[in-house]
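Order of writing sets the labels: A, B, C, D and E. Residues in every chain begin at 1.
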Amino acid sequence: MDLCRVIGTVWATVKVDTLSGYRLLVVQPLSHDLKESGLPVVAVDTVSAAPGQLVYIVKSREASKALEERFNPVDAAIVGIVDEVRTSSGPLFRR
Amino acid sequence: MDLCRVIGTVWATVKVDTLSGYRLLVVQPLSHDLKESGLPVVAVDTVSAAPGQLVYIVKSREASKALEERFNPVDAAIVGIVDEVRTSSGPLFRR
Amino acid sequence: MDLCRVIGTVWATVKVDTLSGYRLLVVQPLSHDLKESGLPVVAVDTVSAAPGQLVYIVKSREASKALEERFNPVDAAIVGIVDEVRTSSGPLFRR
Amino acid sequence: MDLCRVIGTVWATVKVDTLSGYRLLVVQPLSHDLKESGLPVVAVDTVSAAPGQLVYIVKSREASKALEERFNPVDAAIVGIVDEVRTSSGPLFRR
Amino acid sequence: MDLCRVIGTVWATVKVDTLSGYRLLVVQPLSHDLKESGLPVVAVDTVSAAPGQLVYIVKSREASKALEERFNPVDAAIVGIVDEVRTSSGPLFRR
């Protein structure tokens, strides 16, 4: 899974039918020191995440396993909200 | 899913049979501030997207779930046209 | 799918049995202005592509869908030869 | 599989139900000279790895094969703890 | 598939049961001029490759298709030893 920060919301009227009803958030992957790095990802939100929160996402086919209706063209889903990231030198992040 | 801008169209006469009848667009992945970044992707268009529009694509095996006939060698499909991307500091994009 | 240019051929005597009989080409992914970019890919040729040609490839599990015998350890296949790439400012490539 | 070093632990109260009970570690991919490189990955620990250890992870759909209950939204799992990495010029790493 | 050079061997006592009995090699992806580039990969060896050899690997789910027992948490396998890479300007590599 990938550590990401929620940075925005996506609105789309025209979309594939099977994507209706999902909340789509823009999340930004993070480096080991929690700096934003790489390209953002549009992920289905399954845990009611809010902008600014640290989350982890699952990608590829596994993402659809996080949804109730599994036959969807979805390749990224937020599956957890991070409370804390702890390293050997102490907490790196605390919610 | 990945935020992309539609930048072109691909024409191909010689191709795998099962790819006939699909409209192929060239889309360019975007960074968090919507700048073009990384390598372009050739994606099947399922939502009648137009050049210049902001879209999101689904990749890998999940792409074929966006098509009626699912047994196709397709690893990228446009599944939504973006109306708006909103961040905590306001709209980043409005169609 | 990814836009690539065919840059070479791979010969291998020692290989997994199920890979016998496939023609393997080295293809180089291209940027939006068709410059070579990133690492090359060894792809199964299903459309009789020739060195120098612009093609698009399908990757991951979807690649095996392009082959007659589908149970093969193949993660990249050339599925089309590009005739033309057209952008809003005109043709970017013509065969 | 990817060579990684375990760099931390992730705690999350709010998460997808099917992810309960798994220990999640933050691992950092390594270059050929074992320098940390690229973005960290949140991986399910199946081998009781400890911070600082060198491990290898499996990604994508194959990760769920490492778990007893396979229908989980998991795309990365630690599947081995490295004792030694040996190159032609001698051991690169020894536990 | 990806062109790689075999650069080392990985030893691991603690690992997922289903990975026992496989020989794991460290391979380094190569650029179009066969320079080492990007992060190394730990791949199951199915063709008795030796350090220094040029090989091609298959990744993701397709890797397990190269193994006799297919239900394994494996996402990379060496499936061929390269004899020659030939470009339009002549041989780039000969074993």
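We take it that contacts are C-beta pairs under 8 Å (C-beta built on N, C-alpha and C of every residue); 3 or more make two chains touch, one makes a residue touch a chain.
Source: prediction; values computed, not measured.
J.: Identify the chains in contact with chain B as well as chain C, in label order.
T.: The shared contacts of chain B and chain C amount to nothing, since no chain touches both.
J.: Using CA atom averages as chain centres, what separation in Å is found between chain A and chain E?
T.: 32
J.: Considering chain E alone, which of its residues make contact with at least two other chains?
T.: Residue numbers touching two or more other chains: 60-61, 63.
J.: Given the touch rule defined above, the chains close into a ring; going from chain D first to chain E, what order do they follow?
T.: Read from chain D toward chain E, the cyclic arrangement is D, E, C, B, A.
J.: Along chain B, where are the residues that touch chain C in the complex?
T.: Counting only chain B, the residues touching chain C are 7-16, 18-19, 24, 26, 28, 36, 39-43, 51-52, 60-61, 63-64, 71-76.
J.: Would you mind writing out the residues of chain A in touch with chain D in their complex?
T.: 1-3, 29-32, 37-38, 46-48, 56, 58-63, 65-66, 77, 79-88, 92
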